[in-house]
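In the two complexes below, chain A is the common chain; its partner is chain B in one and chain C in the other.
Entry: the complex of A and B
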């Protein structure tokens, strides 16, 4: 009996419920002290993480799937939830990151110091985790929409945790508007899917033909709705401000996981179709390239640490889209290698990005906690006071740049290999793939530039201002989750072989045309052993040179002095290079997309010019130059319709009634 | 593993260890010849490195472990990259599908730490150098990848050894135009990645105009020796890529082929020396334009083979 209860599916359902109620203790302040209640909810969340992770790992390695039916009396038929390889893969970040983040919150968002919003934050954090798990478990359109909305709304309450600040509530409103625009797309998508497949239940993978106009409409709606949630350019406008204004551990969960739920939706919808036309793949690939290159370009221009990380999420979502696009093109041109490499690269990048982006957001949270600012140009020398945080943030930085020997390199290598497979082909597909490859290389180079800037300016050198110098190392509750994420980045980077068989299983489950194709398996295509050997060899070489260098230093005379300033003997902290200066050359080169604002007060003239001030920043150009003018225009044109919006609740209930009556009458005619 | 593989790998590693500083010596000698001077001996770079190894070290008080890690990581990454690239007609000791990505990203890792070490000193000169390095290397990256795509397409291979061993006089006959464009692009990448004239002057004396040298201003003693050696190794490794493209001569028997490789590398050093003698350093604003031009050259070469 006990064995039956412990099957992976039950574990995952149990974990979902546990996560959903994890915030409840804080809602009853009469029973516990707030601090104890926070501990209890962290305990619940960690148990949920543990149960959910073990359930999904067992599912991934055993290949067993399960499904659960919920009979309810809604007119849409039964609700179905299921666990398969794709679900289990996305459950890994969904349970891992919130678990780490909730432990982190013990120090970062301590109950005693945030009495005003701790219960709201913790409750919705648990609810968001549970609903994300629900989204990937849902197997019919109605329950999908149901949990999708719970997820979107709980994320809204998390973004607006500190809604007494005007910028926070503005970011929340922008998020709310965009997420509901996306949901509107889903409301159209699922009925169309119902029309095509004849059921609200999700069809089996590759069971629908992609040639009809209905499937084209479904594809475009999925691209719009899920692309909005994933933050793909140009639908990313909500993302930078929402990530920047949420508490850091919430940003970690949002960037690490919620965006991935959007990716999940897209991949799930795509998996229903067979015979996809070439333009689907090209469309996804080109969106990925645009998102990647433009996302990282905007990131370079940011002065706000968390906004910068948010733009990097857009970049990484672009990389994931590129992998997906390669797989779709492979499906069209009949290249199993492209399908396997592209899709497994995209899926591995989903996990990898969750790991290093959560690590970076948690690290950024520690830095902001101790310096009291998000402005990169006010920081400096943080590594002296926070050595462990600096080390872990360094691991995350190297990983996000896709550099060996860490995990980002492995997933980018898979996508690169997929692209190189596509180059050998013929016709339009080969040309698109060929032009995408250097773009991936370019965004890798830009990411290196950006993270050298962040790491160098924030952690290295000396503090730039006394008021914002780092004070103390983060507590163990903050360091432990970061160490776990950092270790996983290293493990996946050095031993990607362990993930190859689950990846192969997930890829085969969603791309059934691959089953039975001889001679193409992921282990044969990916040089995992060589990646491990090269990584270990590189680390050994670094260690050997370090030992030799240390002995050399001990044998010779070492002295200390100030930094060489070309003869100037008294360098001051303000003389250090700033983040803005570091990025200036690249911003100028990319100014045709970034449209940077700069402001110079006063004139510089004469031999002794007077005091002047210069400032520059890179705004959210897409929002300011495209959306706001467009929305203003719509606002003017459609002002007549706005009379319907009275803001009186009763009137809206009346609208609902009228709609229902009209529909009812319509169905009888 | 056969005997000949072991012998070839040994020679490969031996050459990578011993030969790189000689290229700097040859470049110096060529420049001296153009200027009508006798110049320093060919082995001067070796003496410089040995002398630095025995010197003491001065550390800036603002620096941390990242500053010390910079040269070490730069050397280790370049050394691993040197094992991935074939020298002449001989296959590289390590070769697998996708090793060209590792090759490109290893340099990026080395650059990451070199630039971070520069920012660690808190000097605005070094920050400036590191910003320039970041910008130029971003622009050089797509050129290298266009080259890899062209070679991969021509050879049907996914590893450096397969791609480069395919380039022969025969390949020049049917894809000559494409390879010619590629050589133009890759020569520019070679010069900018190794901070040579016209992009950067390794011998300049004004910190404001430097790129690579200004990033390593604060390093001294053994660390500076490591940097000098790693820089020459990088020139050697990227040079080997270029030489195999431009001078793909092979006899088929192993030892003459090693001879051809060594002579071609020395010839490359002479060519770089000539370029440095006849050109002046470009203004910094001109550099990105030339890099974009290199990318376009390489893109043309790719389009010629894709069609």
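Entry: the complex of A and C
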């Protein structure tokens, strides 16, 4: 029995069940005090994380797979669950991030201070983790839909944790509408897949031909449904408000993992096909480019710390899509190097983004916890009071910008290498790839600008308002999960060689045409040793310069002044750079997509102008300028149909009667 | 015995017409109670004797003939209403529609592919006709109590169809169906009381504000 439990597959199933019940102690306040119940549920969640992580790591390195049948017949046949390399890869963030987040919640969302919603939040947090694990484990369309829906609903309850605030409940409603629109796509997708493969079970990878119209429909539906969940650009509308209004550790889990489950769905569906046409790959690549560049541009314009991070999630999902697109194009043009590099870059970025984005959201949570606001322009000087949080947030920022020696650099490098392979090709594919390469570079640059803004305004300088100045460093329960995530960012950044062999295994599992192609293996394509050496060199250089600088500071005479003092004689905190002034130039340049709003009350004239106020913000342009007008138009056009819903009970029964009669009559014709 | 069963079924059909054509609620409830008692006796007429059958008969007669009518009668008395005023469709048109549906269901049942031993029974047409009558009552009446009566008639129609399978039907299924009915009646009874207490009217068509927008 004990030995059975240690099989990786059983460990993962055990972890899933543990995670699902982790919130249960809080539902019975009669047995435990709330505080103890929260401790118990954190313990359950941490054990789930530990079991799940060890199970998936063993699966990844041993390459063994397992499959389970549920002894419960659904109307559409057996429910089947399985573990393979791709599943195990996605299980890493699924078990790691919620584990860290639940420990973080101990001081961030302490039971005694949030009695009203702690039990709801903890319960659905565990359920969400378990259902995400269920989604990547599911091996047939019906059980996939089941767990997918549990995941969507529990995420809804998490987003609307503080549903007494109107802003939060609106964000929840928007999320609910969009997630169900996506699910609608899945309801169409799986029957089509069933039509094509003849079974509800997922077909083996590369077993279906991509040339029929059915597979085109499946591809488009997958792009729509999973793109909606992942937050790809025109379908991202739910993401900023949901991430901003959820508690920070929930945002970390949502941004870090739920979006990745969308990516998983897309990659899983794509892996069923062989002979993928060129336009599939181009489509995914172009969507990735648009999402990346526009996402990061929107991020630059944000004043809300969590909204800003949410837009960066859209950017990073774009990068992952780019990698996937490169792999698909490589499949068409017959370049194993492109396939390997693109796909493994995308997969590595899935893990990396989960790590650093969760780190950033947790860091942002600590800052928001101590300053009491999400407005960047009200913060300032946080680094003095929260030195460790500032350091860890700095690590996350460097990682998300894709700078060496951290993990973001490695995955973006893989995608760059894939793109370079594509440029050497011929034809239309090469043109698209050539155009996409500078876009990846551009969004890296814009991300650096954005995080210089965030870090500079929030952590450096002096507090901009007395009411929102930082008070104290976060407790160990908040710092420990952040340190774990930060350490992992550094380890992957310095020693990517560790992950190369599992990555190669995952990539080969989903792209079987690669198996047996000689001379193309990931270790040969990726200069891991160079990355490690360069990283170590860079770190040493940074440390040396810091050391030298400190020495020089000690020796010379110093005077203290405000960081963003702009050279004035008597700078005041209000004269510091603000988030809007820092980003002003870029916003003006990009105003054709961002459509910023600015409000100036009164005129500025003369040498001594009177008091005026100026404010600007970047709205969610896609939602406000495209979707809402479109939906309003539809609402007006189809108002006739709403007469069917009269609210009169008798009329509804009449509909049933008419349906029955039509069916009876129809059976004779 | 079969001819006797058929005569009982004719009685069931006539009771459908009574409940379709009357405006007096108490009369309608009693008619449906009688219908329930007849349905309780029917299995004994067409299947050979067994204790299982006796149990079914006893339970059905008690529940359909006495318990549910009692509950409904109490609801009618406490809500102090006697008649169904202003239905959506008048009584004569409803009766005519009921007659049309009954005729159609006989035509329809004749064309169903049935086992030879069920061929000559009136069970299937009576079942469909009763079902349709239930639907008619549900769609044309306004008062919540009439809705419950419509629901009961509908359920009786389903029950007649189930009679053909009485031997194959396990006790659990029957018990489940009866329990459903009882719970449904309870819920409706509570709803009726609440509606009349809150709004001093039992007109369900006034409940349209429950829909969105």
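For the reader, a short list of remarks on this structure follows.
The criterion applied here is as follows: the second predicted complex is superposed on the first by the 611 of 669 C-alpha atoms of A that agree within 3 Å, B and C clash if a C-alpha of one lies under 4 Å from a C-alpha of the other, contacts with A are read in each partner's own complex, and residues count from 1 in each chain.
Basically, a contact is a pair of C-beta atoms (placed from the backbone, for glycine too) under 8 Å apart; a residue touches a chain by one contact, two chains touch by 3 or more.
Quantities reported herein were computed from a predicted structural model and do not represent experimental measurements.
The wider contact with chain A, measured as residues touched, comes from B rather than the other of chain B and chain C. Of the two partner chains placed by superposition, only chain B is touched by A:430; chain C is not.
In the superposition on chain A, A:417 makes contact with chain B only, while chain C stays out of contact range. Once the two complexes are overlaid on the shared chain, A:77 sits clear of chain B and of chain C alike.
Contacts of A:191 after superposition: neither chain B nor chain C is touched. In the superposition on chain A, A:646 makes contact with chain C only, not with chain B.
Judged by the touch definition given at the top, the superposed model places A:657 against chain C, while chain B stays out of reach.
The part of chain C that touches chain A in the complex is made up of residues 88, 108, 111, 132, 135-136, 138-142, 147, 204-205, 207-211, 213. Those residues of chain A that touch chain B in the shared complex are 380-381, 383-384, 394, 397-398, 401-404, 409, 412-413, 416-417, 420-421, 423-424, 430-431, 434, 437-442, 444-446, 448-449, 451-453, 455-457, 459-462, 525-527, 530-531, 533-534, 537-538, 541-542, 545-546, 549, 552-553, 556-566, 571, 573, 575-578, 581-586, 589. Against chain A, the residues of chain B that register as touching in their complex are 53-64, 66, 68-69, 72-73, 75-77, 79-80, 94, 96-99, 101-102, 104-106, 108-109, 111-112, 115-116, 118-128, 130-132, 134-135, 137-146, 149, 152-153, 156, 158, 207, 217-218, 221-223, 226, 288, 295, 299, 302-303, 306.
Looking at the complex, you find that chain A touches chain C at residues 642, 645-651, 653-654, 656-657, 660, 664, 668.
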